[in-house]
Each structure stands twice: as C-alpha cells, then as structure tokens.
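Labels A, B, C and D are assigned to the chains in the order they are written; within every chain, residues are numbered from 1.
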Amino acid sequence: MSDESANPTDAPETEADGGKTLGGSASENTVTRLRTRWEGARDREVTVIGLTIVGVAVFPYLFARAPVVSDLLQGYQELASLMLVWGIFAIGFDILLGRTGLLSFGHAALWGTGAYAAGWASANITEFPLLVVLIGVSVTVVLSVVLGFLSLRRGGIYFAILTLAFAQMIYYMASAPLSFITGGDNGFTGVEIGSFLGVFDLGTELPSIAGTLIGTWRYAFIGAFLVFSVAAIHRVLNSPYGIVFRAIRENEQRAQFVGFNVWRYKLAAFVLSGTFAGLAGALFTIHGQYVPLSSLYWQTSGEVVIMTVLGGVGSLLGPLFGAGIYLWVEYIVSGGYPFEWIAPYWLLVLGLVFVSVVVLFPEGVWGLVGDLRRRVATRLEEQ
Amino acid sequence: MSLVSEAARILLNGLQTGAIYVLLAIGLSIILGTLKFVNFAHGALYLIGLYAGLLISQETTFSGGQLAEFGFGTIGLDWGFLAALLIVPALVFVLGIAMERFVARPFYDRPDTDQILLTFGLAIVAQQVVRVLFSGSSQNFAQPSWAAGPLQLPLIGGFPQWRLWVIGITAVLVLIVYALIEFTDFGLTVRAGTQDTEMVQLLGIDISRPYVVVFGIGAALAGVAGVVGGPLNVVNPTVGTDILVPAFITVVIGGLGSIRGAVLGGLILGITESFLIQWSLVIPSLGIDYGFAPWSQVGIYAIAAVILLVRPQGLLGSEVDVS
Amino acid sequence: MADDNGSRSRRDVLKAAGAAGSVGIAGLAGCTGGSGGGGSGDGGGGEDYPSLGNFPVEGDTATFGFTVPQTGSYQSEGQSELQAYELAVDHLNNGGGWVGNEFSNLSGDGVLGKQIDYVIGDTATDPDTARNAASRMINRDDVIMFTGGSSTSVAIALEGLAQQEKVLYQCCLTHGNGTTGEDCRRYGFREMFNAYMTAQALVPPATEAYGDDLRFFQLYADYSWGQSVQSSMKQFFEEAGWTEVGNVATPLGTSDFSSYLSQVQSANVDVLFLDEYGLDGANSLKQAVSQGLKDQIEIIVPLYNQLVANNAKQAIPGVLGTTAWDPGIDDPSADSFAQAFQDEYGSPPAGVAQLAYAQVLQYAAAAERAGTFYPPEIIRQFEGYEYDNIGLGQEVMRKCDHQAQRAIPVVQGRPVDEQSEGDLVELVNLVPSDQVGYECNSGPAAKCELGEYGDE
Amino acid sequence: MALLETQGLTKRFGGLTATDDVNLAVEEGEVVSVIGPNGAGKTTLINQITRLLDPSEGDIVFKGESIVEAEPHEVAQRGVSKSFQTASIFPDLTVEQNAEIAALGAEHGSFRLNFFRHRNQYPGVSEGTRKTLEAVSLWQKRNTPASDLPYGDKRRLEIGIALASEPDLLLMDEPTAGMSPEETNATVSLVETVKEELGLTLVLIEHDMEIVFGISDRIIVLNRGRVIAEGTPEEIQGDPDVQEAYLGGADL
C-alpha cells in the first residue's frame, strides 16, 4: 500500500477537534484557505464515509490491475479482499487498544468464533451471505460478553494475560474435544456460501467499469461491510463513548471519579471490538469458504496486534493500513519473486519493524504519514 | 492396577509437568511483582537457554538455516550436560541484566501495554533469529547419559529417570531462590518492593540494584528451565512461545510476586493436566467410557477461570495488590 | 518465475467467468479483449474449450505451483519435495529421468508444446498458510496445476480450494483417510496411500513377526489423521485376530507423552501402535523407549517419515512401519529415479521425493493424453488410468475416489550401527497393490462424493 | 440534617490505624478544613469518603443515605467530587475535552447504551464545559493539550474537572500544594468565588494555615487518626491539644 491510496487515508482524524485553531488565522494564502476548508470538512461523517467508499472502490484496480502500480505491488484481487477483512478486524481492535488502552491478546477467539459460527451456519442453516454474517456476529457478541467479563476481573497487566489464556482455552476446545463440530485440525471444510440476495454469485465479476475497478461481487460485499464498519466506528468515537474511552485510557481513576462506571465502559469497548472481530471473522469465512483451526490460535491475536500498532493506534484508518502492510509482506514478500532476497526473513523484518515502531514511532505508519503531511502543509503555507 | 499406584503415577507426572511451569513462573512472578514489568519475552529466554544448552552440551547437526548455509553444518561444544547446567544460567542471567538495563528500564514509565507490545515484539524477533540461524527444523536434545533410560520405581514401575531429575533440580532451585528471598536482606527488599514500591523508596532504600538482580535471577531460571526441559521434547524455535501461556497462567493461579504461589500454581496445573490425561469416566452399566485426555489443555485454563472468579488475586496473592 | 502481468489481470476476470459458468463468458469476452476465446493455438486447445480456472494457458509457458513447507517442523520434507519438483520440471523441459522412458508420451520438450515454469509457496504445514500461498499462485501467477503438502489437513484445505478455483491439485504427502474419503474432491488426486491401506499392509509382516493372538494398545494423535489411523488399525488387526485393549487420544502438539505411556504400561499389552506423526511421532517413540516399554513390548509406527526417523534414531531399530517410498525398492524405474536424483543433488532421495516427482510427471502425461490443459479433460484422463511406471508395480488411479491403488513399502528401523545419514530404515516388504485395495463402496471411498468437473 | 456524616469511621492497615473512630458532620454550604500533621489520616479519610478505600468499620452517610457500599463512580454520581493532590488530568486531551468529560459524567450518568448518539446531541455538556472553564479562567486555553499547561494551570484544570462534574460536595486535597504565591492567591480566590457562585459545600485538606484560617467556617484537627479538636478557626487557634500535636504549633 503506498501513495496511490493516500487519498482516502487523508480523511479521518475522528475526534471532535473541529474547533482546532489552524495555523495563522490570516489566510491570505490560497493553500491555507483550502487547507482550512479541508480540515473543517474532513471530520464530517459524510466526508469520511465518502472517501472510504472511493478508496475501497479503486483499491483493487490499483492493487491488482493498474499498469505500473500493480507490477510494483504484485497484488491480486483475492488479496485485496482479504486486506479489507483483516482491516475490519484491526480497526475494530483499535477501539480497545488505541482508544481504551486495553491490550487484548485473545481476539483470535472472537475472530475464530465469528468464522466458525458463520461456517457452521452456512453448512447447517442458511446459505445466504447476509444471514451467515449475521449469525457469525451474533454468536461472537455473546462470547465477547463472557470473555470480557472474565478477563476484566483483574485490571491492568492481567487483562492481556487473561484474554490470551481464555482464547487459548477456546483454541484447545476447538482442536480436540469439539472437533466433531469444528473439524479439528482439518478445519471446517463444509462451508456453503450461496449467492447474494439469491441473485449475485459472489465469485462473479461486477458489470462493466465496476468490474474493472472493484472486481468481484465478493469484494463489493466485503467492501460494503468495511464502509459500514468505518462509519459505525466513526459514530461510536463521536458518541459519548469515544471520549469516555479516551478518558479511561488517559487516567482511569479520574474517569471513575467524575462518575463513569469504568468497568462497564471497558466491557463495552471489549464487546464493540469483539463485534467487529466477529464480523471480520464471518467475512473471512465468506472470503475463503474454509475455516482453519489456526484462526483461533494466539498467533492470530498477535497478528492483529501487530497490524494495529504498525498502522497506528488511536487513528481510525491507521490499523486498516497496518493490516494492508502486514498482509502484503506476509503474502507477497514472503512468496519470493521479486523479493527473494528478503522472503525468508519476512517475519523477522516485521518483528524488527514492529519493535522499532513501539519504541520510536508509537503513532505508527499513520502517524508518520500525518507528520509528513503536516510538514508539507507548513512548507506550502510558508511559501 | 490399584488406585494408589494410579494416584502415584498421576502425581509424579504432574510434578514433572509442573516443574517447568514453576521455573518459568517464579521469574515472571517476581519480575511482575517487584518491577511491575510484564515480560512477554520470558519464553524467549527459555528458548535461548534451550538452544544455548543444546550447543554447549552436545554437537548438533543443523541441516538448514543460515549457519548451515555458511558451512557450519555441525556446531556445538560437546562439553556435556553439567557444563550446560552451569554455564547457561550465568549466560541468561547476564542477558537478563542487559534486558533490564536496555529494554525494561526505558519502559518502566510507559504504559503497561507498551511494555507488553515491546516484549512481544522481542519474542518474535528472538524466535525468528533462532529460526533463521538454525532453521525451523526440529533438533534432538539428548538426555544426559547418566540420566537416560527408565528407573524401576515401587508402585509405578518404569519411569523415565530424567523426569525425576527434572523434579529434583527444580526442587533444589526453588529452595535456593526461596531462601534467598525469604532469609536475606536482599530478599527483604524484594519482598517489601513486591508489596509497595513507593514505600520502600520512601524509606530511602536504593531498590534499583536489587531489582536488576531480580530480573537476572528470573531470566536465569527461565534459562535453566530451557536446559532441563529441552531433553524432554524435540527442540524447535516455537517452544518458547508455546510455554509462555501456561507459565502466565501459573502466575495468575498462584498469585503475583509469591514464590510459594508459583510453586502451588505449577503443581495444580501439572497435576490437573496429568489427571485429565489419565482419567476416563467409565460406567459399564450405561456403556459410558469417555477419556478426558482431549480436555487436558482445556482443563488448565478452566481451573484458572474458576480460581479467578472465586479469588481474583490468586491463591496466595495478597489483596492489597491494586493494579 | 512469475508471469507477465497481462495475464494476471486477465486471470481476475477469467476466474469470475469460471465460477459463473458459460453464462458469464459471453458477457466477459468484451472486457477481456476476447483473450478467453482466442488464446493459444498450439496444443492449448483454446478454441475447443471454454475458459475455466486458469485455462487456457497464455503464452509459451505453463506454470506449475509447488506448495511445500519451507518453514516450520516439516521444512526438511518440503526441501525434499521441492528438489524432486525442480528435477521433474527440468526433466519435462529438457528430458532425463523418467521422461521419455517410463513416461513414453512425454517428449522432454515441455508439455503440449509449452515450456514448464513454476512458482513456490510456503505452507508451513498450516492449512491457512497453505491456502494463502496457493491462492496467490492461482490468482496472480496463473498456475495450471499445483501440488505439494505434507499433511492431511493441508491437503484437504488445498483440495477444497482447487475445486473452488477449478485448478488441479496433486496431493503429494497425505495419509489420512479423508483426503480421498469424505473430503475428496474432483480436482484432487492422491498417489500416496492412506491409513486404511497402511493397516492392510502392516498386518502380514506384523502377525508373522510377533504372533497371531496379541493384545495391543494405541496412542493416536487427536485429529483426523490420527483418528483414521487408529480406526483402520483396529479394524484390520482385529480381523487378523488381535485385540485392541485400549486406545488414548493425545492432543495436537503434545510433546510430553509420559502420562499416556504410563497407561500403556498398566494395560498389560503385547504391542503398542504409535499413531503419531512427525514431531509427535518422534517424541512418543523416544519417550516410549526411555520409559523402558520397548524392552517389554513391540512398537509399531504406522507411518514413518524423515522427522520421526531423524529425531528418534536411537529408538527406531526394529520398529515396523510404512513409508511413501524407499530407495531399497529393487525396480528399474525406482533405480533410474534414485540415480537421477543422486546425480543432481548428491544424496539419495527421501520417500516423499519419489512421490512428488511422480505426481508432476503423472499430471504432464495426463495432459499430453488429453491433448489440452483443459482441466475436465485431464481429470478424465486420470480417472481409471492404469500404469506401471513409477517403480511400484501395477497401479490404478481410481475413478470413484481419485485414490491410487498401489503397492506399499513396509520398513523397519535399522540397528543404530547400520544407520547412516538419510538411510535409517530398511525395506522389509513391498506389499503389492492387490493386497491393500478396497472397493469403491467400502472403507473411506464409501463417503466420497467428488463433485463437479466444471464443464457440466 | 448534615450533608455528609461519618459515623465511627475506622480504617486499619495491618497494625496501623489510619483513621480511628472518626465522627464528623458537614452541613450544607459550609467550608470545613481538615488539618493535622503528616500521617494524621487526612488523605485516608478522604479516600474512604470517595470510596477508593473500604473502611474497616463505620458508616458514611451522604444526603441521608449510606454510601459505604457504593462504588466510587456512584459516589461521584450522587454529588461528591474530589480534586486530587497531584494534578490528575487527562494529559493528551485538550483543556476543553478534560472539562467536557467531567461535564458529560454529570449530564450523562455512569453508563448508558448510546454509542451511536453523537456527542453534539448533549447541549448541556458544552454549556457546562464553557461555564466551568470560564470559572477557572482556562477558557482561552481550551484548545491546548492539557499536558502543555504550566503547573498552576494544571492544578486549576484539576479543580475545573472536579467542578464540571457538578458536585454538591467538593473534597479538595491540598489544592495549593506546590504552587507559587501568586498561583496560591489565584486558587484561593477561585475557591471562594466557586463557593459563592455555585453554593458548594467544601471539605478541604490543606497545610497552608493562612488559607485554612482565612477560608474555613469550621476546622477539624486529626492526629494519629483521631479527631482531637473541632471548631471555628478562633477556637482551634487557642486549643492546646492542637498546639501540642503540631509540636509547639510553629505554624500557628
């Protein structure tokens, strides 16, 4: 993911900072004036959603088909869809990590449950994609209430450990005792996804120009959920919850002393992020028509942590880019050509990059892009 | 087979499984208790101890990995197991001190989540470095010749000798660390620090030095766990992360900062695991014969969940521990 | 290695066409510039068949995909597979080995007039990773066939993908019953034998060596492969007069078997089956020996592999089992492969290498017989095909479940002082295919429904 | 009826008794200071009232209801607010957001399922935020990140947060600790204004006797966890026990 998709990325800094004073108020300069207008517009829900739609719509073309760019990136359609799926997972995860300051190492349990529930539903209840997703999400919400309740029994450092532990418990349950449902090590192979609204086979191409840009109905289906997720999370962050989450992250005790039931808000953050994890998991099943056991393993939790931190915690779209970067390295760079020199070390490189992001750039790639943008803007204004 | 011998077997197997958990949990627990530092790289110290032990104790052929590609097909000192048992703890102790100085200390003032993220990243890096150097293939960590083979025990019959040594070595190490913490001035500072860091500082005691040592001791125990645990299994780069979760669970069950808690937690986990593996529910009249072995891993987490609900601070943890 | 990008973008469109069936194709011809129909004239048969999966093959090269474990515990096996694949591609393009000899319809100048190229993907012995790698090959690199893998879960996951994407998959190393049983797919073929056949193969040598009326116990890995081995052993050894006294499932990734082995000790049995694979197999065997079990009872490891043998060298002497292939098989085809491999890589081939090599050539030969890369035609060439060219005697690739009916090498660990690097087991018996077969309506095949060819 | 009453409030830490049978009553509209030497139990007393600590014995009654079983956030919702000894603010948020959070806490309650409702649907919040920030003279700096404020401003923001949650009773733990003389004066006049304008009841812990005697209607003296004197500033000034407690009463 590089410059070409920078447009939508510019959009959102979600907090209600509309009142921010900008640069010098004497805006003789056109650039400044435009920028001021931009800054004012970019927070608006419509703008955020609009730009996300545009970004989602052109991304597969740029990634998999456009001349030059796609050669450079070596992308392909199915990976573009997968990036959106993980992107939903990561932006939902950031509600918890970036906003509320809670680090869960157990989100694999929620993602995996969403995936298995969707898979099981598709094999046994309905083939309609929307219903399959709905069932996956519902089951995950129930589980996240239970897991959140248990894991939040102890605060602070225990949370990461407990989420990790309970997620591993679910993994072990799926691996052996419940293998009659999950297929155990073989994964869930019986996924049956029907056509969308009974009309559009998800594997087929969209008509005419939409097909060239977006590609398949499957991508469009997933993309719609991504846009929905971005809109929903934007809404949540601009509701009272958004600011209470931040208050909890910044100073939990103070938040309690101004009268907030911190524990419930933490649980709410966990369940909200779990909802998106479940949605992403269900879409993962729609995407691959297969549920691997490893979707419940703690490494999946680790992956979403890395994606979120890499992209930038506490920014609406940063984690989406983190997911894109991670998957690009995992799928393209690790696959050799034209990256043979680095392919065997892909995870080592990601690990080192991750460590340096944690130590040096806590705002992640998104923060770096933001810094760069501000610097360029300042430079332009000075001229 | 009688009930008594069945129980003895479950106990012995549980002790042996728990022993490795205990060695890791003590380090995690005292580092967490005194320094309030969550070390997700503790498993990496185990991994490093394990590979160091492997290379010190025997010659090993690595068929893949960078070292092999550079022509170091066979590496290792072949100094024997005792040498590894002495050198590795010293080595990992130094590593632990370096880790405290260069990794942990700059992060004491950062939020807990940053500490976890950092050490998690380091754990990935450590695992990947081992994989790149030695390949992801599995290696054979031979048991020391003086402890190989089975031993005939009363009641139980043949039991692998090395497992008894693991229990013995762990017991000795635990006693040494316990004595150190319980009966020395150093230990007093550490114990006080576990309960209230600020108070100890107010009393004018320089705690940074003892704390460095705490980190070193915790690391060294993880290293030893690698050496004694290595010969129990086949060795590969993922073992460090695999063992981390049960080690954490041990701390949660036992209670933060408590050595006795870590030992108790390790024993409970080990015996639960070993019990579930061997227990079958047999009711002939109903035709029920269900083995619980598949639940053995689930069981240890279920125990943790129950203890957490009933006694959130852990079995031997103190109530004042506010996160 | 990767193809030019023009074909990649086309692939995205074509894949859609494949899934849509013939209805989609007409509509798509417009936006793809007609490449779907016009295609390659020579040998690809583009005019005769609609586009499907990655058919037709554009340009002068056809690409194969090799999904092998390059990281993780099975990377040494993956390495062997990959060596064999590269050897096979070399022979397809330039002649040598079985090409032109055992496989007389192969010319040594590519397949159907196209040179063979290949791409590699890492499975890490994880179904999800494997599917990701294969999906990249299919979507981006336009592979016409992919092969590889070292476990049943990977094979099942990839078979499913092959069926979805309508790209042929040659399973390579997978031994569980499900691969050609309940999880069989029209687009997957297995040259390897399965647990059901292993049990049949082991009965004669085991009863001959250890006796007729014995009590046995099984430890089995608690996932589908282990379960299928356990049930197959129980079925055939009980038919032969033995009695299963007990069995216990060991959770996936178990490294410490002492508690399980204790149960064996207390069960008073004559024989122990260790239905564990790879790492777990080596661990369980080592620990069984160090617990003193081998002094009291016989141990059988139904499926040997490099990892088991390498990591349990001290423990394997005399332990019976089966293996994909053994260099000790005395047959001209076997010898010529072993020689070609030895010449290329300087070491004898592992069992899995023969399997990998054979499956690539089998695909190429089927394509030549079909005269096209069009997958349904190749599938039809495979189905029911009888052959005697991979050094294991007469075989059939069965139409009903895509399972090769073949001979099985039974081996035994060599004594420690006779072991050498890469040669740790010795061939006891090559059990011919007619002794290990089963009917299409019995065993795993009874549960197999292959699914569509894609041109219905 | 008193606004706040403690009945036999006792807190023991191991062998140490931090507050020992403390009975006090604060009437509505009063300014009460709690003084005493270091370790007298002042902060422990406050922490029990805000329910950060569980008392070992005794009861706390606020507006006629026992709050001894309540959670800290419930106590805050009932109208007890606390300003911390150290500036306990939300450092990465702006001054305005700091106050907004507290105002939201008051307007919105401890928890509600309204995560899709936009924050601008709560007009009372922005009104409360503005009023509070104007009261503590930080309205001009509303867009500054809180961590960038000078120390005195941080402490004022701290008080602002406590005020924005619209309390009936404000507990202030050493509001002028570490302040320069000017900052101290500004804070004192702030406290007085606030008290006048909002009609607050104040409980103050303070070391600076000048402030204590200047501002308080009533003073309660703690020593070793026990109340040793209680009365108007004049009464306390002459109390020999108090002088004794302060080792000769150097400060008095």
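The criterion applied here is as follows: a contact is a pair of C-beta atoms (placed from the backbone, for glycine too) under 8 Å apart; a residue touches a chain by one contact, two chains touch by 3 or more.
Remember, predicted model here, so these are calculated numbers, not experimental data.
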Per mean C-alpha coordinates, the chain lying farthest from subunit C is D
Of A-C and B-C, the pair joined by more C-beta contact pairs is A-C
Expressed in whole Å, how far the mean CA point of subunit A lies from that of subunit C is 37
When centres are defined as mean Cα positions, the distance from subunit C to subunit D in whole Å is 74
Separation of the C-alpha centres, subunit B versus subunit D, in whole Å, is 47
Subunit B to subunit C, mean C-alpha position gap in Å, rounds to 39
Flagged in subunit A as touching 2+ other chains are 172, 176, 344
Within subunit B, the set of residues that touch 2 or more other chains is 131, 294, 297
Touching two or more other chains in subunit D are residues none
Residue positions on subunit B within touch of subunit A in the complex are 32, 36, 38, 106, 111-114, 116-118, 120-122, 124-125, 128-129, 131-132, 245, 248-249, 251-252, 294-295, 297-298, 301-302, 304-305, 308-309, 312, 323
So, in the complex, the side of subunit A touching subunit C is made of residues 64-65, 70-71, 74-79, 172, 175-176, 179, 183-187, 189, 201, 203-205, 207-208, 211-212, 215-216, 288-290, 292-295, 330-332, 334-338, 344
The answer for subunit C against subunit B in the complex is residues 71-73, 75-76, 79, 222, 248-251, 253, 255-256, 258-260, 262-263, 265-266, 279, 282-283, 287, 290-293, 307, 310-313
Counting only contacts in the complex, subunit A reaches subunit B at residues 97, 101-103, 105, 150, 153-158, 160-162, 164-166, 168-169, 172-173, 176-177, 298, 302, 305, 309, 344-345, 347-348, 350-352, 354-355, 358-359, 362
Subunit A partner, complex, touching residues on subunit D are 50, 52, 71-73, 76-77, 81-82, 84, 88-94, 96-97, 100-102, 104-106, 108-120, 122, 142-143, 161, 164-165
